[in-house]
Amino acid sequence: MKSILPILSVLAAIVVLWYGGAVWLNSQWTYDQAARAGVEVSFSEMVVDTLRQDRPVLPAPHQVAVGLWQGVAGQAITSKRSLVFHAWVTFSATMAGFGLGTFAGILLAIGIVHSRAMDMSVMPWAIASQTIPILAIAPMVIVVLASLGIKGMVPKAIIAAYLSFFPVLVGMVKGLRAPDAMQLDLLRTYSASQAQGFWKLRLPASMPYLFASLKVGIAAALVGTIVAELPAGATQGLGARLLSGSYYGQTIQIWSALFGAAILAALLVLAVGVIERITLKAKGMAR
Amino acid sequence: MNEALVAILFWGVAWGTNGVLANRFPKSRLVRAIVPALFGVTLLVLWQGLVRGLEVSPVILPAPSDIATAIGANLPLLWGDFAQTILKGALAGYLIGCGAAVLVAIAVDRSPFLQRGLLPVGNFVAALPIVGIAPILVMWFGFDWQSKAAVVVVMVFFPVLVNMVAGLAATDALSRDLMATWSASYPQALLKLRLPAALPFLFNGLKIATTLALIGAIVAEFFGSPTRGMGFRISTAVGQLDLPLVWAEITVAALAGSGFYGLIAMIEKAATFWHPSQRGH
Amino acid sequence: MRSPVIDAKNLNLVFETNDGPVQALKDVTLSIERGDFVSFIGPSGCGKTTFLRCIAALEQPTSGSLTVNGISPDEARKARSYGYVFQAAGLYPWRTIAGNVRLPLEIMGYTQAEQAERVRKVLSLVDLEGFGKKFPWQLSGGMQQRASIARALAFDADILLMDEPFGALDEIVRDRLNEELLRLWAATGKTIGFVTHSIPEAVYLSTKIVVMSPRPGRITDVIESPLPKERPLEIRDSAEFLAIAHRVREGLRAGHAYD
Amino acid sequence: MRSPVIDAKNLNLVFETNDGPVQALKDVTLSIERGDFVSFIGPSGCGKTTFLRCIAALEQPTSGSLTVNGISPDEARKARSYGYVFQAAGLYPWRTIAGNVRLPLEIMGYTQAEQAERVRKVLSLVDLEGFGKKFPWQLSGGMQQRASIARALAFDADILLMDEPFGALDEIVRDRLNEELLRLWAATGKTIGFVTHSIPEAVYLSTKIVVMSPRPGRITDVIESPLPKERPLEIRDSAEFLAIAHRVREGLRAGHAYD
Amino acid sequence: EEVKLQLKWVTQAQFAGYYVAAEKGYFTDEGLDVTILPGGPDIAPEQVIAGGGADVIVDWMPAALAAREKGLGLVNIAQPFKHSGMMLTCLKETGITSPDDFKGKTLGVWFFGNEYPFLSWMSKLGIPTDGSEGGVTVLKQGFNVDPLLQKQAACISTMTYNEYWQVIDAGIKPEDLVTFKYEDEGVATLEDGLYVMQDRLADPAFKETMVKFVRAAMKGWKYAEANPDEAAMIVLDNDETGAQTELHQKRMMGEVAKLTAGSNGALDPADYERTVATLLGGGSDPVITKEPEGAYTLEITDAALQ
């Protein structure tokens, strides 16, 4: 609750800056138009005009808010014009990809921590895999998968998984290695098996790291889904909305979709945070 | 079909060899280099074998040998694209973005008000997908590398910020109590306790940021660019069905990214030698 | 008339934990004069650490009053009145041993030359001459603890607070450091608060011994030592010494009476 | 003829550090019989912890031979021969105190009922009855250390290795735990390796006292105690006791002779 | 019989004929079950058909011929678009009145396989595009017309039926613009044809399917030409992004109708020759290096339109 006031002040500051930016960036167009029409505009006319252009360089906050509102509440949520509908499409693929990516990331991390051969060979290549611009090859991946008969949500989920497994992998490797020497030595004196060491020491010790990376991972999965939605024939999902806004230079639509995506991301991260708090509390790790 | 079988056989043998090497000589430097290399070679052999064996069309997925040929034939082109995208766009954006993030992190750490206000909002902004931001920034900063750098700044800023803030908060109670008993001033505590203690976290962020910087710079070129750059080349070459050139660019990107990551990891090793994770288990 | 350096009246401190409050200090009233050497002794969990932390303004009492040099603990802290040796060594892992000992000197603005000189002196005091360039994790537990003592002695604090500083040291080193500490105390007139579990150590060092007992943490006995300021190690065999030790032991035993 | 449980011959251990090798153990030769209670005493940094870690197969000697029960330390470890109390408590922060004590029992496959029973018993042994449900960070340093002792006593290890287990405890609790430990030892016939800095404690508890000296870490004296197995606390005032204590003190002092 | 059609771009009136044929049941009347796959900026239809993801694609001839030279056997089976709709649109205030004024200016060009006609034109004009002296600066133009509105480029590529109107909608009057149609400059190349893989044409059954497909598609196109508003609404119904607007699609349909008007679906070999000549004539950097062979067939349309 203490955070409300600071957040509001920061938001207020952003909105003020934003309005300023909108006036500044959009004024060029206003003046150009006036010049073409051969009329003079006063400063106040200019300000008013910059805040209600159809294709502003930077839409004003209220324009985006209206766009969002119409996208969310202005239609039936099953309508193709509803942002809720598109967000749902994106959300389901995100969750599928996130599940897949988290599973793969944790599995690989377990392998890396327990097998020296995997540690040495997989990690450098996992890093290299992330330097491949997925956005560049996403269209090809979709084409290849489509030629194998895989379509619909699955290719999107695979690309989302590709982006989300890495943060989970890195975090889990760090987390599973977080126990200090003494904690490990203790188990050695009990001659605990690897499995026991995993369940009773490494896994609980990795919890804070796991959740930190799950938060990154779920956001990455969302980005992956949106990226995958661009070339998927630009039909449904927030990514398709973004892109189709782009084709027609409809900045307000772009920004509404953008904020829709960001709100979805924030909600997802928040959800992970809630699960984190519950889990850590049960484990006595939250003070 | 034959090639595919040979490749799979090779995979099995290499996996076994790696297992033996890694467990027999875990400390040897040579083994530390050989094992990942062998793994990589295996991947390539598998790829080559499957593409050739299953007769995958080169417009879908070229074989590594085709890609190597394309790299050899296009060295000056690849270098030009590399300079445009990585040396100008990615590097400039990385330096500005990481520098700004560290400074803001210190400001945020200093002021609980900012910390409570800026971080949630910052997290929200960080969640804005790059594909949405890139066209806007191209619109604002023009077609050349400046807009790519701007995209990179946006992309690397928040991961570094979040890690740095976590790092600045990561000092243990005892260490902070010590500073309190000496009544150290804020800059003193910052310089002598919080910054060193934050380094492991900061490097975490810096490493993540390397891959993000590359992706950001390349992807931003999809949304408008001069007629050079890795992202430009990739999208143009896909349109021309010159897939070997596409993969040549991707190879360069992966090499540059791994090199960049490795460089930061090396600096990390030198700067945080004292941290348990660097001392090995 | 000497005014008390540390003056606690009806101090209470309650920790709120998830399964109810824990009263760590209850009605603690104690006054310590300038130049006193006060030992705190008591079963584990009786609040010794907590009380020391209150003095150094690291913990905020729930109620009661506490002044240091007539001002609040926090003001005294800002005036750099404290040298504190914690129960754990708490060395910074990115600094060498010498770097750790130098740290408070850097913060308090000593000159380079003086820093070097003081570091050399205190490291030799705690028998760590050759180890200045090592990192903390390369030292045994006891060596780390000695480094942290050196760090607290390196600068000239009015009040020295030491939380079981010699717990991890053997008897010989301990005897030596006890003597050194007494010499230092005599030479500088510092006020020292000292937590220990060793009855002979408490009696040998202190002008005042505070016996505490747990659940809730409170003071059960305060013994003013009649021993002279000049104390050879042999004093530990004197009848007076044994009498005080006996009284401390009885006080401690009483604190354990609950079981 | 009894065969030695622990048999070390010419053991050497060198740590490689960034500024050169550190010889932590040099030519250590020692044999410990079944049922012995061996104390290790010596200045900090002399290799006590390192030697205990070698016995428990946590550290690999650079040269020399070491057998436990006639087999290698690692095989003995796999046979679950060790209970180890570390110098620091090392409790798992996500487990309650009871959960921490239960940990080895879970790993060794005790039944639920037996787990509960044993946890109850050892917690009361170390005086932590009411604290089973608390988390480690809610306890004082000494209480944590007692919990870690309880954890090592909860299961039936042949060999108990204890690294300064009572360092953070006051004398009363310490005396009590000393007595308890002797009783346990007498009842179970365990072999115990025990690091301490307290000469009286070493003499009171042990059948064999090993005095070590540092730089490089080596054994300077091994004292077989003539004291009877049955030892009331009063034995500490006997002439025999004081004679041994004197010999240990002299050995320690010699170890410090370098300075 | 299932047929998958991969479009070159997103769902819009540019492809009205196919949507109308589907909506009006012309495909089902022929016994076909047609799936229309929308495209996008990152979709290379050539790649999709090579991967087996489509049976027939809509493509521009320069891109199709270039792919053919790369070894991908694409064959034109029908050409619903008679005319080219591509042009360069410039701001009058930049002082450009003829192609001679391009030198030293910045021009926006679409890549991703759409750059070939532009490159041919420039080489015909003798204007270098590599940034050298006396040449033009080429920008890879993104998705929209912003570079022109924000004066980052003097001219941008537009289609008569799409981007040009976005410039107008943005508030710039036609008299403030100068346009250069590729057709008027004599460098027009064929757009939006139907292409299939050569090896599949060997199969009579597939041929038969394509005959039915082209027949139904052309029926759709002619209906769309005759009823542009209804066709636009059908397109709108099929737009799953929900981003298209009625105004824009109706107007687009009107413009597209002008381009399809002269065609009954059959490729005019003269148009083909002109396209090939333009592409071959590309000076130092020709789009294709040799005269293609077997790049089109009239068999399908002959059978479909008899």
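Note that the chains take the letters A, B, C, D and E in the order they are written out, and that residue 1 is the start of every chain.
Rule of thumb we're sticking to: contacts are C-beta pairs under 8 Å (C-beta built on N, C-alpha and C of every residue); 3 or more make two chains touch, one makes a residue touch a chain.
Everything quoted here is computed from the prediction, not taken from an experiment.
**Student:** Chains in contact with chain C and with chain D: which ones?
**Tutor:** none
**Student:** For chain D and chain E, what's the span in angstrom between their mean Cα positions?
**Tutor:** Taking the mean C-alpha position of each chain, the two centres sit 84 Å apart.
**Student:** When the C-alpha atoms of chain A and chain C are each averaged to a single point, how far apart are the two points in Å?
**Tutor:** 52
**Student:** Express in whole angstrom the distance between the two chain centres, defined as the mean CA positions of chain B and chain E.
**Tutor:** Averaging C-alpha atoms per chain gives centres 38 Å apart.
**Student:** Please report how many Å separate the Cα centroid of chain B from that of chain C, as a whole number.
**Tutor:** About 50 Å, centre to centre.
**Student:** At least two other chains touched by the same residue of chain E: list those residues.
**Tutor:** Residues 41-42, 44, 47, 51, 142-143, 146, 150 of chain E each touch two or more of the other chains.
**Student:** Which positions in chain D touch two or more other chains at once?
**Tutor:** Expected reply: 88.
**Student:** Residues touching two or more other chains, restricted to chain B: which are they?
**Tutor:** In chain B, the residues touching two or more other chains are 60, 135, 139, 222-223, 235, 238.
**Student:** All pairs of touching chains, please: list them by chain label.
**Tutor:** Those chain pairs which touch are A-B, A-D, A-E, B-C, B-E, C-D.
**Student:** Spell out the residues on chain A that touch chain D in their complex, using ranges where they run on.
**Tutor:** 182-183, 185-192, 196, 200-201, 204-205, 207, 283-285, 287
**Student:** Please name which positions on chain A make contact with chain B in the complex.
**Tutor:** Per the touch definition, chain A meets chain B at residues 2-3, 5-11, 14, 25, 57-58, 115-117, 119-125, 127-137, 139-140, 143-144, 147, 167, 170, 174, 177, 180-181, 184, 216, 219, 222-223, 226-227, 230, 239, 242-243, 246, 251, 254, 257-258, 261-263, 265-266, 269.
**Student:** Per the contact definition, I'd like the list of chain C residues that touch chain B in the complex.
**Tutor:** Where chain C meets chain B, its residues are 53, 56-58, 77-80, 82-84, 86, 88, 90, 92-94, 103-104, 106-108, 135, 137, 155, 161.
**Student:** Hey, which residues of chain B end up touching chain C in the complex?
**Tutor:** Residues 172, 174-175, 177-185, 188, 192-193, 196-197, 199, 272, 274-275, 279.
**Student:** Over in the complex, which chain A residues touch chain E? Could you list them?
**Tutor:** Touching chain E: residues 28-29, 32-33, 36, 54-55, 57, 79-82, 138-140, 143-144, 146-147, 230-231, 233-236, 240-241, 243-250, 253 of chain A.
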